[in-house]
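By letter and in written order, the chains are A, B, C and D; residue numbering begins at 1 in each of them.
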Amino acid sequence: MYKSFEFSKKIKSFLIAMMVIGAVLAVAGVAMNLDHTHRIWANVLLNGFFFIAIAMSAGFFVIVHVLGESGWHTAVQRIPEAMSMYVPVGGVLMLLVLVGMHDIYHWSHTEHLDEILQGKAPYLNPIFFSIRTVAYIVIWSLLVIWFRKTSLKTDSNDDIRLFNKQRTIAGIFIVIFAVTSSTSAWDWIMSIDSHWFSTLFGWYMFISTFVSAVAIIIVLLFVLKRMGYMEHVNDEHLHDLGKYLFGFSIFWAYLWVSQYLLIWYSNIPEETIYYVKRIQDFEALFYGNVIINFLAPFLILMARGTKRRLNWLIAAAAIVFIGHWIDVYLAIMPGAIGHAEFGILEIGMTVLVAGIFLYVFFTNFAKAPVVPENHPFFKESFDYDNIR
Amino acid sequence: MKEYWRSLEDLLPAEEAPQEKKSSVVLSDTDSSKNTRRDFLKYFGFSIASAAVLAGCERPVKKAIPYLIQPEEVKPGTANYYASTFYDGAEMVPILVKVRDGRPIKIEGNDLCQMTGGSASARVQASLLNLYDESRPAQPTLDGNPIRWEDVDAQLTETLTNWDASKEFVIVTSSVISPSTKKLIADFIAKYPFVVHETFDAYSYSALREAYKQGFGEAILPSFRFDKAKLVVGFNADFLGTWLQPTVFGRQYAAARKLTGGQREMMRHIQFEPIMTLTGSNADERVPMPAVDEAYYLAALYSELAQKVGLSVPAVKAPEAIAKVADELAAAKGQSLVVSGTNNIDIQTLVVEINHLLQNIGQTVLVDQPVNLYQGNDKAYEALLTRMESDKVGAVLFWETNPVYHAPLQGRTEEAIKKVPLRIAVQSQQTETALFCNYQLPAPHFLERWDDTELVKGVYTLMQPAIRPLFKTRTAQENLMAWAGFDGTYYDYLKLFWKENIYTAELAKGKQFETFWKVSLRDGIVADAGKASESVSYIGADVASVLKVNSTSQSGNDLELVLYQNVPVGDGTLANNPWLQELPEPVSRVCWDNYVSVSPAFAALRGWTQGDVVEVNGVELPVLVQPGQGRNTLAVAVGYGRSNAGRVASDLGQNVYPFVTLNNGHRSYLVPKVEATATSSTYELAATQSHHSMEGRALVRETTIAEYLENPASGNEMHEKVEKLHTSLYHEHEYKGHHWGMVIDLNSCIGCNACVVACSAENNVPVVGRNEVRRSHEMHWIRLDRYYSGDTDNPEVVRQPVMCQHCDNAPCENVCPVAATNHSSEGINQMAYNRCIGTRYCNNNCPYKVRRFNWYDYTGADTIPNNRVDVAGMTLDLKRMVLNPDVTVRAKGVIEKCSMCIQRIQDKKLTAKKDGRQLADGEIKTACQQTCPTDAITFGDMNDPNSKVSQLLKDARQYGLLEELHTLPSVVYLSKVRNKDKNKTLS
Amino acid sequence: MYVSPVREPLISGEKSYTKVTEDIYAPMTGKPGKLWFGGLTLALIALGFGLFSIFITVWDGIGTWGLDRTIGWGWGITNFVWWVGIGHAGTFISAILLLFRQKWRTSINRSAEAMTIFAVMCAGLFPLIHMGRLPLGFFIFPYPNTRDVWVNFNSPLLWDVFAISTYLTVSLLFWYMGLIPDIGTIRDRLKEGIKKKIYWFLSFGWTGSARHWARHESMSLILAGLAAPLVLSVHTIVSFDFATSVIPGWHTTIFPPYFVSGAVFSGFAMVLTLMIITRKAINLEDYITKSHLESMNKIIIATGSIVGIAYITELFIAWYSGVVYEQYAFVNRAFGPYWWAYWIMMTCNVITPQLFWFKKIRRSFAATFVISIFVNIGMWFERFVIIVTSLHRDFLPSSWSMYSPTWVEVGIYIGTFGLFFTLFFLFIRFFPVIAIAEVKSVLKTSTEKFIKKGK
Amino acid sequence: MAEKAFVSGYYLDDKDLVDGIKALQEKNIEIADVRTPFPVHGLDKVLKMRRSRLPRAGFIAGVVGAAIGFGFQAWVFTEAWPLNFGGKPYLSVPSFIPVTFELTVLMAAFALVFGFLISSKLGPGADTIIFDEEVTNDRFQILLEVKGGNSEALQSELQAAGAEGVKHHEV
């Protein structure tokens, strides 16, 4: 009844081409930047973090709907599910960061630390940092794989206990992710500006990647629909995804303002340094970030109609996706390389990692039916509507 | 230099009259023609000329009586300053009295006085409030019944005329430093030869004078010059707080220790003491010493020093610290000073001899410039008692003295007085002694009368009335003149005395006496260099016997009790004073009570904590655990427990003067053995600070002299780090005109609290009372934070005056919802009291916690009736006369805080504008700065590169309190430097 | 609309549309019971005591409270934040859950919204009476005046004025718009008389026209869309009261979302506490069922855990920051003189809600009742801990001090309970406690057994 | 003499109502009003109702609210009386966000609520006619306007369309 996805040669070769181009550009970029390796490593971290966080957020998207006993999402559930399978692959990329640690993290130079960093050393030291990085990747991978496996089992087995098991996994997932989403953001991103701290930072980064994940779900849905799949996905589903994109873009803006306003207001140097750096050297990006990630989706998706029309939705999703890449760029680069740099290294690295991400996605998406037909609430997904 | 004038002619020479026209355009003449309401705040400071009324602006003015004929010198809205002199029987300070609309509203030091430099101690300034004390005797009485002055004169003249010459008529005065009064007394005695003049000091230093008598043949009190010393060793002498001339000594002390203006040498101060005094807390090194061992320590020191110069004296085994100090002293011969505050003849003899050995006489101890303070002789007093007991005295007149309270001597004083048939008290305040007197004759407050002083030979000051007497009072001098039948007033007598005895053409620079008199009156002080010195020579005392008696340590397991004067209340004479009672004791930071302080170790041993009530030889007192106190030493401040002092002081704390005994004829303030037992009750002390550690925070930054000389920024390294991180998300506002700033030199500040009283008087800061202070509701705009560090048995002490820091990025201003507090264009954090609705949000957000909230109606400015909280009677009409009309009296529910004396700034700005000139640096002085004996506070324009503030800001010791918060305070501190070796200590 | 048979019915028993009307109308008919009168009397006594305490405060001054030069806010603002927090459940339920299409909201949104309004009224009292000069409180409004003084738009307290009043207004509008159809229902059940006239007036002439319903739904949805960020904004701005400062323990960026979460947490707890009693007292057990309980308890776990994570985040970042003041503030919270408040907070807010991971507990009315009270207590202590323990020992140790409330402060707090319950008792008597029309709209899909009434 | 006359028919189930409406629509009978105890799912589509303009009104009011909110604050801080608060810039934009937001929401909410009431002609003491008090209980009512005295015909049409009971009303 629902057309299974076939990972055709055409798509495969397109993605391979994408990866190759990305790889070539990236290698060229690396070659050009051998004299300042911190830019190379910062790019590895940027894309490594961005995509693994997106994959994890996609997993979060699924489990939160499982916990919320939602029905509508089952129509699109397999997309984020497949996205989440990137976690173990992306984890390898993140392990690379451990190699380049010294080029990114000031605190990893344990031999000359100032007083404050000495104070942080029990937490921020290369060994413990590596342990945590590995732990995040392993635990996250286990979680997404476990969930995915259970979910796929339902395709051949309509035992309600499998659904209950999904809920159990989701519960474990959310507890672990609630803690690790923050701590991983502190470890990987916040500690780049090694003196700076913000309690909100973890949640802020999480929402940023979560919105990106929603955007990618929409983008992938668009692509799949273009290829003739996922025809069961109707306007109501788009509307709901649109609402997510709209709502969480606003929520992201809310967190952005919360963090900025509080730091702006108190104006304490140990905190303002973060923004001062970004405003001084990345002014256009800094303000552009807010426009792209808040104003654009806000204005585009405010009307009911735009949320229900794929063309508008995909436009908003694409903008938001790029916007949040910039957001992560802004979080990493000022601390890691100190000034704005954008060139073939950035493009190549992003294209390469995006290619891998997509390849992993399509591979996994092809492995299973496009919908979980035995999901107990599956039918609900096709009999509801949004109030006008 | 200020011009002090007495009459209008002095002030306004005829040719200056046209100036008036200029001034009249000032109010409308601002740089912008768009002179809108936004200038409201700018004018706020001075446009509230009727502020005292404004405070109650919602209520009708109850009493407003216009002048029928306006006195020529009274100009509404303009203050007159009168030069005068403060003398309360203990301390003498030349002062200026600020008078507004006929009311003295503030006392400041007279800056023509070289010894005080215009500074004044807390007590000197607070004495103003005693003028408006509603408990003052207002009417002469005889055996409790009112009597007219004429009848007093008639009765006493008759008594004196018909005197039985076998009996004495004794006049007991405190130390008389007035040459004219002395002469008057002499004249009186000449008329009535049976009259005997005795001197009685409230707190006795008679052993000191006797020691000089033994050493130099004259019972003198020399001038001490702490500023000439490179090494000061104090033994139980609180010379910065209470001993002899604290204002003068504080000034000398700071001068010798300042490191500003290129000075690279710093006096070193070592203090041996049983209790933690203000002085000891300032010492570079402080050694706790049992009080009973002071003589032994000094004997040991003498012995060590004597051996060094090859004298053969009995050997005394010295404690380790003494041996080290002896070495240091020996190295600073002629540039050192050893002092002791103990009224013990052995001790004082040793001190005199030590200073002699060290060749300090003539250098830091000026025996040729004796000071006339503390002339009392306890032996003479005891002799008087004996004469009274044996019915040899027919009458006694207590002239502003209160021996029943100050020297009860186990009831002897009281009984002796009762034996005298005729007892007269002449007093400006209620006293316990007066209760035993037949005649109680009210005397005017010193701001209501004429007098003069001669503190040191050849240095004269005048005391002149700044207000007409408020009550039916008459000075003691006028009493004597009336009873002796002398003609004229005491003013005439005084003037004549000056003409005959003081005036010389040379001194008057060739002017006639009248001119000399006027100039003297204007200046308040006249120094005749020609009379400056007397000569005495060393004859030497019998040291050997003293050494013998004191060659061993006396300390054992017995508890000793030290009775001391504390900084606010002193000997208790001025106790009935709300400002002084609310002034926190600088070491304990407790006010409104005395208490028994015990060492932490002893408290732990007995299981006592602060507030436990214990019984010390029958007197119940709350415990205060005092770090740095001797292990077996208990200490209680005298001056409390007044039974007849008036509304405020009566029954505050406990009177411990009854513990005073005579030792070798001198009043001893040490009880070598006491019993202390716990009781079951507790008593909450009114403490303004409850936490005593800096918690490792860089609040007060300090270094040692050696490190400082190597790197002036040592101890202040954090400042540079903070400056490097000086980021901000918004541009700093530009201050185009003035940008006021203040620099506080922590190395100069000795913590005397004079600034607190100055601020309270200047800014109408309410007095809230003991219970409110217990609830941390105290209102002082400036406070002296005190922190201990190190060993609790002998901690180091640091102090920090904290007032509103006038941050340019003020966290308080941001959050006021109604814009009641904001930043002026001159960088001042200003408060519009009328706009404040009292959310206290600003106070929460102030990192310095300097904002004060009017929790209750303390001032009577509230519109709701019957809700006043005023234990000290500060809202009585009489006491409200002390209010400064330039400063709004704040209503209930309003936040207030330091304004950097905005009224003074505006006043001087206007003066400069009227004169058509630039405001000069140093012209504006905030109240705290003006009175500071140590010149620790400097105020000025940070935009003026030549101002003193700007110069000090270049000092490497400068830092902002909590500067890491980027509040950009306009108050800047200079770090403290200790003259000690970091690695070596005495003890 | 299809509903999976796996889902548990929300409403138990056999229900028809008429039965719904009758059941919900029942508590409004007949003479009120002794319990109701007793409760109202108690509430009025508490209110009276509160008013007396307020009188003392205004007459004698804030000095009658236990505050001092260091601690400018104590119980007053603690209670303010606590009540505002409680006032977050109603609008959260009716707005955010509407957006998330959670049907179970229909049985509880009405009373929860009423509680919201009453709680916000109680909350709004505190910023007023904590002013030193209440009679001049109108200064906080930017009205044109002869002095040309406006207000300080930088002040979070001013933002509060706008936020709380907007929130109260919008909540009232939202609540009342939802009430109109139900008031129409009540009106149509009443016999002719003054009461009917009053309800006619209050019903705004509601007819049930499809056109009106369409607009009503559209309006409700957009209002919900507006109210959702509004709910967030209110407690966000309340959190700004603290977080904009420089005081360690106050100034931390996580405050806005964490406060919102805490507010929903405490709001749900209060709704649970009251609804568990109310459903029993006025026989609405069929409408507020274990299924509702479970859903609400899930939100309690979620928000409670967010709060818990925020506590730990604060604690960790305080250490991580390397700032001595921050570090001390948190050490002092946990081990200083107010350690007990901190551990009450930790126990009640972090540990107790975790019990809801057990299905048995989260479906037990008795257990939920007890835990909800724990959460109420815990959230009160959270605010107390934030306000008092941060203020009492901040930057300069010289100014450190201690705080304990006076009877006046306690009295005012009791008084707000009086106000809250007075209004609540009147509400359950004169208004339908459950949204009749909304329950009917989900009746077919959410009832154990739906019966179509015969002819 | 009645100004207008209506025929009403009622149903006891929303599904039946929708079917009834559809039956009437097939016969091109104009439906004056449909009244229901709760919002019936999909009725708006069946009745081909125009989408409400309330969202637009809300949006415009929101924009106006935001403009007023921000504009007023900016005017006060830069023009009316620029005061220096804690060194913040006069145009302290981040500080203006909360009040701007609140005013936006407030204005939009007012526009929505009053827009709803005005467009529906509802309000305190509104002059509306209730034909059947059971509509607010469990009846789903169709109202047909009687034009030209064919009340009987309309009644039977309603019955044919499955109405549980029909009635004639005059106003």
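Just so it is clear, contacts are C-beta pairs under 8 Å (C-beta built on N, C-alpha and C of every residue); 3 or more make two chains touch, one makes a residue touch a chain.
Everything quoted here is computed from the prediction, not taken from an experiment.
**Q** Determine the chain that sits nearest the middle of the structure, using the mean of its CA atoms as its centre.
**A** So the chain sitting closest to the middle is C.
**Q** Counting C-beta pairs in contact, which chain pair has more, C-D or B-D?
**A** Spelling it out, more C-beta pairs touch across C-D than across the other pair.
**Q** Taking each chain's centre as its mean C-alpha position, how far apart are subunit C and subunit D in Å?
**A** 29
**Q** With chain centres taken as the means of their Cα atoms, state the distance from subunit B to subunit D in Å.
**A** About 79 Å separates the centre of subunit B from that of subunit D.
**Q** Suppose each chain is reduced to the average of its Cα coordinates; what separation in Å results between subunit A and subunit B?
**A** 70
**Q** If you average the Cα atoms of subunit A and of subunit D to get two centres, how far apart are those centres in Å?
**A** About 41 Å, centre to centre.
**Q** Quick one: which residues in subunit C touch 2 or more of the other chains?
**A** 1, 148-152, 154, 156, 158, 214, 217-218, 229, 240, 244-246
**Q** Two or more other chains in contact with one residue: find those residues in subunit B.
**A** 37-38, 730, 809, 811, 814, 816, 819, 822, 965
**Q** Mark out which residues of subunit D touch at least two other chains, giving numbers and ranges.
**A** 44, 51-52, 55, 81, 83, 85-88, 92, 95
**Q** Can you list the residues on subunit A that touch subunit D in the complex?
**A** Residue list for subunit A touching subunit D: 257, 260-261, 264-265, 267, 302, 304, 385, 388.
**Q** Hey, which residues of subunit D end up touching subunit C in the complex?
**A** Those in contact with subunit C are residues 12-14, 33-41, 43-44, 47, 49, 51-52, 54-55, 58, 62, 72-73, 76-77, 80-81, 83, 85-86, 88, 92, 95-96, 98-99, 101-103, 105-106, 108-110, 112-113, 115-117, 119-130, 133-138, 141, 164.
**Q** Considering only the defined contacts, which subunit C positions touch subunit B in the complex?
**A** Touch residues, subunit C against subunit B: 58-63, 66-70, 72-73, 127, 130-134, 136-137, 139-140, 147-152, 154-158, 161, 241, 244-247, 324-325, 328, 391, 393-402.
**Q** Would you tell me which residues of subunit B are touching subunit A in their complex?
**A** 722, 725-730, 809, 811, 814, 964-966
**Q** Please name which positions on subunit B make contact with subunit C in the complex.
**A** 36-38, 40, 689-697, 699, 772, 775-778, 783, 785-787, 800, 802, 811, 814-819, 822, 835-841, 843-845, 847-849, 851-857, 862, 864, 867, 869, 891-895, 961-962, 965, 967
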